[in-house]
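Each structure below is given as structure tokens.
Shared between the two complexes below is chain A, which has chain B as its partner in the first and chain C in the second.
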Partner chain A sequence: MRVMTNRKNDWISIILFLLPALILFIGILVAPLIASGYFSFFEWKGFGDKTYIGLQNYKDLFDGTEVPFLLSAKNALLLALFSLIIQLPLSLGLALLLGKGVKGERFFLSVNFLPVLISSVVIGTLWKKIYYPTGGLLNSVLRALGILKKGQADILWLAESAINPQTGKRYSYILGAVFVPMIWQYVGYHMLLMYAGVKSVPPELREAAKIDGATDGQINRHIVLPSMKQIIKVCVIFSVTGSFKAYDLIAILATYKTRQAAVPSILLLDQTINWGKYGRGSAVAVLLIIMCFLAAIIISEVFKDREKV
Partner chain B sequence: MGRKEASMDLSQYQVGKSSKTVRVFIWIFMVVWACINLYPLYWMLTFSLKDNLQIWTTNKFGLPDPWVWGNYKEALDSGPIFKYFFNSILVALFTIALTLIAALMATYAISRIQWRFSKTVERIFMLGITIPIQASVVPVFVVLNKLEMLDSYQALVIPYAAFALAMAILICSGFMTEIPISLDEAAYIDGCGRAGVFFKVILPLMKPAMATASIYTFLQCWNELMFAQTFNTADKYMTLPVGIMQLTGTHTTNWGAVGAALSIATIPMVIIYVLLSRRIQDSFIAGAIKG
Partner chain C sequence: MKKILATLLVLVTAISLCACGSRDGDKDKITLTMWCIATKSDSNRASYEAAIKDMEKKYPDIKLDWSATENEAYKTKIKTAVSGNSMPDIFFTWSCAFLGDFVKADKVYCLDNAYKKFANDLDEKMCKNTTYDGKKYGVPLTMNIVGLFANMDILKEVGYNDVPGTYDELIACCDKLVAAGKIPFGCAGKETWCVTEYLESIIEKSCGAKTLDDIFVNGATWDNADVTKAVNIFQEMITKKYFDPNGVALSNDEIKGNFIAGQYAFYMNGTWNCADFAKAGINVKVAEFPVIDSSKSKLGQLIGGPSDTLAVAKSSKNAEKAAEYTFELGKLICKYGYLDGCGLPAWKVDYDESKVNALTQSVAKIVAASDYMVLFGDTAMPSDEAQKYLEFVAKVYTSEVNGKQFTDGLKAAIR
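Coming up: the complex of A and B.
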């Protein structure tokens, strides 16, 4: 009798079991990745003939007269920077406080995570109304607090370029205005991951340190944080690559999507779908992918070095 | 490791006692931050029941007075919101089904059958976590366009499933490696083949993994905007985020109705979250711990 065992290699079963995943993976991830790279060397309207133009698409992007790619890359880096210095520390603080055991811990955890689950379209539309010039929530609050005085013009938070009628100066707050909800929405996400990290520290360890007379600060620094290194690395990678890939809230909040508040994802879709420049859009995609991979590699390296010290 | 973290005990424990003032201060900070997170929801629900005069001048912050239930009727009349809802649910269910089938089968081949390149294949699949969807949007659009498959359910289901796959495999393999290999061996001796072991031994034990992976996949595709906005622009197949974006963009004359449309889109999600908050949180933790 022929009895199968786990040691037996049978390639047919292996291939059959892998097949659905392989088709999806190659068809939707690998082949398009290669295709994007290939398209980026052509001028192409999405149908018909392609014209090979070498690196011209990339030159156009870095030249910046037609497409504000460098501005979009700068905005993406800026968003990543603000995420690192505002979003993650806030998340970490909340996670450490909640993990220490606050009254209503579960409630706070759930409430803080809520914005992650609400559709960006809903959040974007709500913030649009918050920023609405006349009667919008933000300007109303500023008026109630007396920061915006009577007779002073409303601030146009989401304008590409506005003029202050009192001083005649131009201003544009749009970048900051879209960054705030983008950073806020995912504080809860990172908080949840870090909270899981805090909770994975055995309570006995804390207890022992406490008995030895360690303060909360010392416990956090010497016991909790070192054991959270892996989680913090994941959060930093997600936060930075997430900033590079940002799309939803900017697509909703910024009406003129390709100017002050341009980000790579917006340019990518605008170039291809709206302008029919598939080659150039693909070049944006390629640069974006490189940015994400480089960031992930660099961050992993940074965390590795610390391990040795 | 994924599994251990996922089912990790998040229950409360109390260590020592900080001084009273510190604790009060921490608590106030927590309350303030919670209010910041809840306020948009409160504000959306209240202005969905106000008329324009209340929203913009007389009653910006308070409870509605009078309550304008007509906003909800207007929102439902202004576009096929329930159709969008149905589309989103259908897309999500098919995506979950396809993701689970592909992920469970692949995980079985990778972690239950011993062969030379299994680790390598797993690592290659895991690259899927780092590849941004932006890498695919243009080529997939071109192909769908050529196949005349834009504006269809599969235009979203297949790409969503492909991008959910890596995380689902990660979650499934965390659970599958915990099933003792002796169960497989016993089934082989009883005369089962690979398929028999997969269906009779592995699948029945994978229910918790399926639940976690389903929740994660659901949340990924429910709010997705970029693919949805690019591939499906006809009302018939439009998903909720795109539909709501279109509705709120077109009739900005009555903001109460906009609020009502936003509320209709949000309330079911909030209810599900209230009922399943623990499981939803655990699925996010399981998804990220190895990522």
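Coming up: the complex of A and C.
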């Protein structure tokens, strides 16, 4: 009888402890998710009458005539890919270098982490100056290096579509121009996570390996990296899902009306606020969440397989 | 000891709660809530504050509880409030389609009754953009038009002492400027509404205000040969290097900055810029875009009109009182906004306007001589149509579509 009462008390305690988090989780994540799913089946301006239209909003997104959803999904995937092949290796390299205990470790750590602390608005404004056509830092450097010749027109890095007056050819570098600061901004963030992983490796292990004649590269490959697997997994998930949810720097550099550099979050806002199509915006939100979940599951699976091997 | 502490705590709490209660003076006051976009960084903030201060004296029985939200965030906020039936008594809105959606959803209080008292101060035509099915739903504040701003120092360099008055003169002037290595126009391609300021003016002066108005608000088709021709005229100007080629990659702030810095001879944009140009101390004149086809258009046909509006929620408990208050408040915001150079008066002027900057006064004269105003296309059209329109306009500026493709595309996408 006493055991029964204790168990009952345990359950009450568990429920009481879980309740605040559960309420927040349901209120902030689950409920809006269900609401978005529900609204995505309607033609709705956000107020007034709703008209049930079944899967039409989803068809509109995949049809691509009014909303470049497929292009935006492709852009998000590209950003995720670049994050994986540029951002994370760069972060890892920095983390391994600083984690080894170089002179001025703290200083370099802070310098590399600084972009994470700076507001995206400030970063966007700074990069706008870098990309500014006449007298902007990038074009000036290209001119100084002789890549842009005298009399040659400035490169319009942030133009949706521009024509090269010399060749008459149309070009658009806006996607790449937006990706560079986005990838650069979060190098420090992943570096810090990985740095913590590097530092968690017991120094005795390093010393033992060194006594056994292992080089720095061998130590990193056989001791540090295997022990950082979980942190790398977290970084990969953050990096990929972060790329899917990217918004701020694109909105500042390319504006929310961008066609070439559109990503799902930009479309979501554009559809709901500017187009007044809450139903279609909700459909974008649902697809975005599915993309993020799928990515997280795939990444977990990839790392699980490696763990088994 | 514990009991004493507990008693003290209860007392302190009770006193604090009492302090939160209303003052005696507020007891009989009606509290009205208002949402607007006049944030602290907004150029209209000072006119709102001055108007509200005056209103406190004029309506001592009303307490206005107001808050301002940044433009884009405000659109979400007000739409969410309309959706959740939690609107404030008075709210800022844009005229035509934006307010029209709320009216259609039966969320806005009709102001016909309250208007009677103010009919002498507010011309009927200023309420055109907020009148739906013959009923008035909005109080216009300041109004603006698209103006052709000219840097007179640059024009003087190529032999002009005044803004070219005819289209041929304007083209000749642009040719001289290009030959002299100057850039005639600056236009921000990163913000499509800036391109519409040029394109709509050219269309209006090619095919007439009525035709454009019919397309924007009266359901006429985009399949119009004159519109096609006008778009081609605009693109010809781009081809002839009248526009800064870097413009497609620049924002309006950057273009405006370049104009102030003397990099362009002309800048077509809203007349809300008058105060900034006056403050910058540059030698600028303002005119309306010249007539291109005099058989269809004439001077006095403008792009613009009253768009900034205050409206009253139907759900307001004191709707009729709020309606009267809104008219008075709107009139004062208009007055202070005009005096600050933030726009032109939608209301009749019965005060000293001699201190208004010269540029704004010039615009006021242009408006006074006008006989037709077509509201900005993206404000006049329903939101989804406006977005399709803006997408095509953006492609016109980057020469991705020509006049025929523009009208054919809009005919297929809209009408």
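Annotations
FYI, the second predicted complex is superposed on the first by the 282 of 309 C-alpha atoms of A that agree within 3 Å, B and C clash if a C-alpha of one lies under 4 Å from a C-alpha of the other, contacts with A are read in each partner's own complex, and residues count from 1 in each chain.
Heads up, the rule we're going with is that a residue touches a chain if its C-beta (ideal position, glycine included) is under 8 Å from a C-beta of that chain, and two chains touch if they have at least 3 such contacts.
Keep in mind the model is a prediction, meaning the values are calculated, not measured.
Per the definitions stated earlier, placing chain B and chain C onto a shared chain A by superposition produces a clash between them. Looking at the shared chain after the overlay, A:275 reaches chain C, while chain B stays out of its contact range. Measured by the number of chain A residues touched, the leading partner among chain B and chain C is B. In the superposed model, A:115 lies in contact with chain B only, and not with chain C. Once the two complexes are overlaid on the shared chain, A:48 sits against chain C while remaining clear of chain B. In the superposition on chain A, A:134 makes contact with both chain B and chain C.
In the superposition on chain A, contact is made by A:66 with chain C only, not with chain B.
When the two complexes are overlaid on their common chain A, residue A:217 makes contact with neither chain B nor chain C. In the overlay built on the shared chain, the residue A:159 is in contact with chain C alone; chain B does not reach it.
When the two complexes are superposed on chain A, the residues of chain A that touch both chain B and chain C are 46-47, 134, 272-273.
By the touch rule above, chain A contacts chain C in their complex via residues 45-49, 66, 128, 131-134, 153-154, 156-163, 165, 255, 257, 259, 270, 272-277.
The part of chain A that touches chain B in the complex is made up of residues 3-7, 9-11, 13-14, 17-22, 24-25, 27-29, 31-33, 35-36, 39, 46-47, 94, 97-98, 100-123, 125-126, 129, 134-135, 137, 140, 184, 188-189, 192-193, 195-196, 199-200, 203, 206-207, 210, 216, 231, 234, 238, 241, 244-245, 247-248, 251-252, 264-265, 268-269, 272-273, 278, 281-282, 285, 288-289, 292-293, 296. Residue ranges of chain B in contact with chain A, taken from their complex: 5, 8-10, 12-16, 18, 23, 26-27, 29-30, 33-34, 36-38, 40-41, 43-44, 47, 55-57, 60, 98, 101-103, 105-106, 108-110, 112-115, 121, 124-125, 128, 130-142, 145, 158-159, 161-163, 165, 169, 181, 184-185, 188-189, 191-195, 198, 219, 222-223, 225-226, 229-230, 240-242, 244-245, 248, 255, 258, 262, 265-266, 269-270, 273, 277, 280-281, 284-285, 288-289, 291. On the chain C side of its complex with chain A, the touching residues are 72, 75-76, 79-80, 82-83, 101-102, 104-105, 107, 189-192, 245-246, 248-251, 254, 382-384, 387-388, 390-391, 394, 398-400, 413.
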